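For clarity, chains are labelled A, B, C and D in written order, and residue numbers in each chain start from 1.
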């Protein structure tokens, strides 16, 4: 599968997300990445809740983040998410967090499909419909 | 049951717990209250993990907090926890967060015993040993 | 000043806000209360950022919360906020968190006006325009 | 400068740090990395608070994390921190989070020295004593 288009989702920075440096604490970007993924999967026609109800988990196994400029309290920031790799065993998401045209943070998260016993599974075997949907979804996205 | 003695447990303020006001964000005190309860229950001879393995939950149903002075980054603060009410249906904890002799925050949390279906249960019926232990624990504490 | 109308603001529950009980961790409601207040003040024509730029802080001094039903991952919940007391020294907000018609959590937060040296101030003296605006805002709200 | 020895610091997993997957939410490891760095700097004879009082900040500019096994509620986990690069402009920390002998998470964080105006500075020019101390500290550590 080739890289999909970016999905954009916006959030407003919460006071609790700041730290005494006067900017957003770096850990919060992981939560925003997660929100981006949630909305990406929803756009494909699934909620991540439904995926968990199928007895599947999609935990993070690798993270890479680069911080260029800080976000501040009450900023409206845009989370851009796309899939850069999708197989029956894993998904890699790429993320860009922007404020307007300003690129604040970039990142990449790698995920594997696990069952309720926390073992890796092949998505096309355990949830063929979801597998197909995610594959198709990606294609649909591409021609947007 | 009468009020027990205070159990003291110390934590150091994390950078992530500060906000742009330059002090600890008020929401974090609820986490510290929770740590105080965890250590209180451990002192009684149980870990809260074991309690959940019995199929029991002890969620918060009421909270009251008063903020007098702020905690700051890297402060070592002391969480004092005691039980002020304990029946077969609920527990009320009282908490004081101090920095040395300075009283920073006081609070009270009310909890009820629930089963895995999220329904209220009588602790003496569903977990008599735990019930007895918590009652005894309180008494032992009192004579400390 | 009499009680104002409720201001409604919606948020979607983040995965990070859940805990191993399978529901939203109780501490997150304080963040949602804070979002409700931020949006309430914005509705009055000010951002809380601007207030801090005036050298004023509005920290929480008292909190009361009651938990009726849990919010879950991916729920869209509505935060209803109103002012129930407003003087030149303090503001009291009341909050209701709902999922549709279901009332999940209720709360009240008391705040005082502080200057940059963390001392109480009279809002009508240090920021008369803001004071007037908040008073008017409340009235405008009432006749909505 | 060559790589220093590992500094070990232990924390207990908080209930609030879990998510509905029943394990620690991945974002919390960044907070634990930060605690590891704080304790590392303290071991060198400085508190990070003192560094900020000098008008210096040490924000994160790059993060890399790999997740092998999950930490669970109430686990006592060990954060191992070392410096793998230290110049007058930046520091790179390496971190290992373990539960006993089990390696749970590994990571690396890159930091640059900034002044209060959020501009990069040369540490040996703006805080020569701190620069010397961190350099020496690393050496002392090595011969431990």
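The definition used in the following text is that a residue touches a chain if its C-beta (ideal position, glycine included) is under 8 Å from a C-beta of that chain, and two chains touch if they have at least 3 such contacts.
Please read these numbers as outputs of a predicted model, since none were measured by experiment.
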| item | value |
| --- | --- |
| Distance-maximising chain from chain C - centres being C-alpha averages | D |
| Pair with more cross-chain C-beta pairs in contact, given A-B and A-D | A-D |
| Whole-Å gap between the CA centroids of chain A and chain C | 30 |
| Whole-Å gap separating chain A and chain B, where each centre is the average of the chain's CA atoms | 35 |
| Centroid spacing, where centroids are CA-atom means, of chain A and chain D in whole angstrom | 26 |
| Junction residues of chain A, two or more chains touched | 15-16, 20-21, 23, 27, 30-31, 34, 73 |
| Parts of chain B lying in touch with chain A, wherever the complex brings them together | 15-16, 18-23, 25, 27, 73 |
| Interface residues, chain A side, partner chain D - complex | 20-21, 23, 26-28, 30-31, 34, 52, 57, 59-67, 70, 118 |
| Chain C residues within the chain A interface of the complex | 14-16, 30-31, 34-35, 38, 47-49, 72-74 |
